[in-house]
C-alpha cells in the first residue's frame, strides 16, 4: 500500500446560514486505498462529499488533489481531474436506458463536438462505438450486462444503485466518491458490492465511501474517518476504530444498543 | 423643470400604485406555491370589464366594485382547484405553461363576451383634477393611491394579525414545516389564489376609469406587475409594493427625461437587469427560487 | 430512432416533398405547408431548448425576427446576395442567442423564462423604434426571393421545397445530435443536472450551446420567411408568436423533434380549419376570436392531462 | 408521419372544396378584414359594410354581367386577425380555393403589404382598405393593387394647410408607436418642413399605455402653439383626457383615426374642440347641397346606421372597395385582367372617401378634396371653421 496522499483537506469548513455543517477538518486519502467516512445523521458526510466533488463551495479551507487545489463550485471541472461520485439518492436521467446512462458516465472520454455529432462524421461514429464498448464492459463487470437495454429508472432499486456505481466507474476515475452505495441493498447484493469495490481498488482507483452499514464499512475500508457534528472524531484503521472509546460512545454504542 | 419633475413623479406614483397592486398578487401566489401566475394580468382585465358591465347595468360604483371583486376572486379559486391543483407535483415550468394557457383562455373568453372595443367606466368621483405641489393629479389617481394604501394596510393586518394570514406566511417560508405543524397547505394555496384574484380585480376596478377596459389589457399590465414583484424579490409583499412604485416612477422619468420611444422597454430591461444582478449577487435581497 | 431508420424516414419525406407540387395545385395548401415547415423549424429549435436543456424560452420569436430582419435588410437595403444573407442571418441568430444566453443561462427555471420573455419584448421594441434600419412599424418591402442561377424560389411550390428541405435537413442534423454523446449529455442534464455535472458534463456550456443552436435554427426559419413573403414588419414577431411556438412544442410533446413538427402542423391546420368552418356557424364572430380561447384551453388541457404531448400519446402502451 | 401529412392536406382540401360547391354561377369577390386583433375596430365596420352591400345587391337581383344576365354576388370574407401570415393564407385561399375574381381588403397596411406579392403573382386585382401610400406606389410596379382610403400624405396635407392658414407654426407632435402613427409622423415631418412649420417636440406612446402625462408634460414645457396626436382609441382618448387634465389650452389636432364615436365616448368632454382631418362622411348632413358626394354619403350613413350603429370612415373604405370590384365585374365578368383594367380606367366614381379618378399612374385616385377638417363640438362632429 502506498502512503502518498491523493486527496488532502486542510481546515475545511462549510456553513449553512450561520450553522457549521463541517468545521476545521483536516484529513487525507492515500492513493490506492479505500477510505470510509462514517458518522451519525447530520454529521456532515454528504456535505463533505459534495465539497470534494465541487458541487458545494467550502466556506473555509482548501482541498488538494495531488497537492493541487481543486476547482471550487465547478463539479464538471472536478470530474475532469478524475473524481467521480455517486449520489445518496439515485438520480436517473429521465427515460434513458442503462447503457446510455453508463455512456453518459464516460462523457469525458469522448472528444467529438457538436458539428461532428450533427453530421455523424466517421471519427464520431468510431468514438461512439468505443464509448459503447467501454460502457458495456463496465456493465458486464457490475453484472448488469443483461440490463443494458432496459430503462434505468424502471429497474429494481438495488440495481439502480449498481447502475449509479457503474456510471461513476465508467469515467475511469482516480478517486471514486460513493455516497451510501449500500443503502437499500439486501445481504447478497451487499456482498457483491463489497467484492466489486475491492476489485476497483485493486485496479488502482482510490475510493472514499460513505455508508451507514457498520460491518460493511469496517470490513471493507483500509482507513476510517469518523465525523461528528462536522468535526473529526477519529481517523484510524478499522480495527482501531472498533476500539476507539469516543467512537464507541458516540456512534457504535448507539448502533449496538 | 421642478414642476415637470413633480409631474413625472406624480404620474409615476399613480401608475406605480397599479403595478404594486398587481405585483402583490404575484407575490402571494408565488410565496405559497412557487408558481408564477401568468394569468394575474387577466384577473385585472376581468375586474375592469366586470366594472364596465355592472356600472352599465346601473349599479353604483361601490356595489359594482364588490361584486366584480368577488367574481374574480372566484375565478382565481376555480383556477386553483381545476387547473393548478392537478399539477401540484409537476415541475415549475409545466405550471408556468399551464398558467399561460389559463391567461390565453381567459383573454379569449373575455373577447367573446365583451368584444374588442375599449369600454369606458365612470370615475369613482367626478370633478376637476387636483394640483399638488405643481403636479396635476386626476381624482381617480387619488383613488388608485387610496385604494392601494387600504389594500396594503388590510393585507398587513391579515398577514400579521389573523390565523389564516399567519398560515399563509408559514407556507411561504417552508411549506413542509407548515404542513407538519398542521396547516392545510392545499387550503392555503386556494386562499392565496382567491386573494390574488381579488387583488387583481381591485387593480382592474380602480384603473378602468383611467385606462378604459379591453379584453387584451391584462398582458402588459400583468407583465409590468410581475416586473414590480421581481424587483422586490418575488417573496415579500412590502418589497413588491416598493417595486411597483419604483417601476412606475422609473417609466415616467424615462418617458419624460430620456425618450418616450423606449419607455415600455424600460420595465423589461429592469427585469433582465434584476435577474442578472441576482445571479451576480449584487442585490441585497434574493429572488426566492423553487426550493 | 436509429440513424439508418431516421435516414429512411427523412428520405421518404423528401420524396413526398419533391412530388407534392404535382399532386397539390392549390397555392393555398402549398402556402399552408410552407408556413407549417417554417413554424416547425422554429418549433424544433425550441423543443431542443425545452426538451433537452429543460428550459422554457418565452422570447423565441425574437430569433425569428433577427433572422428575418438581418436577411431582409441585407438583401433589400444593401443588395447583398440572398444565400450569403441567409448564412449571415443564421450566424446572427446564433450570436444573439449566445450573447443573451451567456448571462441569462446562469438563471434557472422561472427567472430564465421571464428573462427570455423580457428579451423578446425588447427586441420587438427595437424593431419598432429603430426605423432607420428596420423600416419601423410599417415594415420593409422589396425583400427579393432566393435564387439559384435562373431558378427563383418565388412560387409556393418552390418555396415548399426550400422550407421543407431545410426542415428535413435540420431534423436529420438534430436527430443525429440527440443520438450522440452531446445529445446524451443534454438528456442527462435534463434528467438530473447534478448527476450530469458529476459525470464531467459542463452543464452551463451545454445549455448555452443548445440555446445557441436553437437561435440559429429559428433565425433560419425567419430568414426563409422574409424571402418568401418579400415583406417584413414587426407585428408577427411579438410575444404572441413566442407563446404560439411554446404551444406547438407542448402539443407535439416536449422532448421530441417530430413532436415539434406535428405540433406546428396541427396548429396551422387547426387555425385554417377553424377559418373555413366558422363562417358556417356564425357570421358575426371572426375565427380568431375562438382561436384565442381555443389555444388557451388546448394548452391547459395538455398540461393537465397529456404533459407528454401527442407523441407521448402515441408512445403510451395501450 | 406521412399519414399525418396526407390527412392534413386532405383537411385543407376539404376546406377549399366546400366553398366551391355552390350550384349557380355567382360572381365571387373575396375579402380579408382584421375582424380580430389590433385592427378590429376598423375591420369590423368593414366586414359589416361588405355584408350589407352583398345583401343589398342580391336583393336587387345581383350583378348584371357583360353577358347581360344577372348573377348573384357572393362575398367570401376571411378574418386575418391583424396578422400577416394569416392574411397571406387567406388571400391564397381566396384565389385558388374560392376562385374569387377580385379581393377587397386588407384592413391594415402591414397585412396589405404582406399579400402584395401573392396578388401580383397570381394576377388578381386587390383593392386595399389600408392607408399606407406605398401599397399602391409606384403604380407601375403595383399593377394589380388599388386602394380606397385617403393616403397619409393627403390627409396630413389637409391638416398642415389648415395649421398654416390659422397661423399655427410651432406644433408639437405625438404618435402611437405602430405603423399608423409612424407613417403619420413621416408624412407630417415632410409636410411641415415644406410648409415652414417647426416641431419643438415629437413624442411616442404605446397603444396599451395607461398614461401619457409624461409625454404631454414635455409638450407643455415646450409651449407650442398647437399639438397633434396621431393615434386611435383608446390611446388617443387617454391622451386627450390627460391633455385636458394637465390644463393644456392650445388647440389639439388629431388624425382620421379618431373618426368614430368610440373616441368621443371614451374621452368624454375632454374631446370637445379636438380637430382632425378626415373624409366627409362624418359631416355628410352639413355638406353643401351641391357637394357631389352628399347623396351617396347620406344613403350609406342611413343604411349603415340602421343596421350597425354609428357610422365611421372605415366602413366607407370597404364600401368603396366593394363597389369598385362590382363595377369592374359588371364590365369584365370573371376575367381578372379585365376587372383590373376596368378599375384602372374608372373615372369620376363617387364613393364614400371621395370622388375617385384612377389612372395607370394613380391607383388611389383621390385628391385633397377627399378630406376636410372636422371638429368635435359637444360630442358631435362639425365642419371645422
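By letter and in written order, the chains are A, B, C and D; residue numbering begins at 1 in each of them.
Here, a residue touches a chain if its C-beta (ideal position, glycine included) is under 8 Å from a C-beta of that chain, and two chains touch if they have at least 3 such contacts.
In this text the structure is predicted, and so the values were computed from the model without any measurement.
Engineer: Using CA atom means as chain centres, which chain is nearest the centre of all the protein shown?
Structural biologist: Chain nearest the centroid of all protein C-alpha atoms: C.
Engineer: Among the chains here, which has the CA centroid at the largest distance from chain A's centroid?
Structural biologist: So the chain farthest away from chain A turns out to be D.
Engineer: Between C-D and A-C, which chain pair shares more contacting C-beta pairs?
Structural biologist: Comparing C-D with A-C, the pair joined by more C-beta contacts is C-D.
Engineer: I'd like the Å distance between the centres of chain A and chain B, where a centre is the mean of that chain's Cα atoms.
Structural biologist: Computed value for the inter-centroid distance: 48 Å.
Engineer: Roughly how far is chain C from chain D, centre to centre by C-alpha average, rounded to an integer in Å?
Structural biologist: Those two chain centres are 33 Å apart.
Engineer: Just the number, please: Cα centre separation of chain A and chain D in whole Å.
Structural biologist: 72
Engineer: Using mean CA coordinates as chain centres, what's the chain A-chain C distance in Å?
Structural biologist: Using C-alpha averages as centres, the distance is 42 Å.
Engineer: Mind pulling the chain C residues that touch 2 or more other chains?
Structural biologist: Answer for chain C, listing residues that touch two or more other chains: 129, 285, 289, 291-292.
Engineer: Using the touch definition from the top, which residues of chain A touch two or more other chains?
Structural biologist: None at all.
Engineer: Multi-chain contacts only, two chains or more: what residues does chain D have there?
Structural biologist: Answer for chain D, listing residues that touch two or more other chains: 36-37, 40, 177, 204.
Engineer: For each chain, which other chains does it touch, given as pairs?
Structural biologist: A-C, B-C, B-D, C-D
Engineer: Write out the stretch or stretches of chain D touching chain C in their complex.
Structural biologist: Counting only chain D, the residues touching chain C are 1-2, 4-5, 8-9, 11-13, 15-16, 18-19, 35-38, 40, 43, 51, 77-79, 81-86, 88-90, 92-93, 95-97, 109-110, 113-114, 116-118, 121-122, 132, 134, 177-179, 181-183, 204.
Engineer: Quick check on the complex: what are the chain B residues that touch chain D?
Structural biologist: Counting only chain B, the residues touching chain D are 4, 7-8, 11-12, 14-15, 18, 111, 116-118, 120, 129, 136, 138, 207, 210-212, 214, 216-217, 219-221, 251-253, 255-256, 260-261, 263-264.
Engineer: Quick one: which bits of chain D touch chain B in the complex? Just the residue numbers, please.
Structural biologist: That would be residues 36-37, 40-41, 44, 177, 203-206, 208-211, 213-215, 217-218, 220-221, 233-234, 237-238, 245-247, 262, 265-266, 268 of chain D.
Engineer: In their complex, what parts of chain B are in touch with chain C?
Structural biologist: Residues 36, 83, 86-87, 90, 92-98, 100-109, 111-112, 219, 223, 226-227, 230, 261-262, 264-265, 268-269, 271-272, 275-276, 278-279, 287, 289-290.
Engineer: Chain D touches which residues of chain C in the complex?
Structural biologist: By the definition above, chain C touches chain D via 9, 12-13, 16, 24-29, 31-33, 35-36, 128-129, 131, 136-139, 141, 154-156, 229-231, 233, 235-236, 258, 261-262, 265, 269, 271-273, 275-277, 279, 283, 285-289, 291-292.
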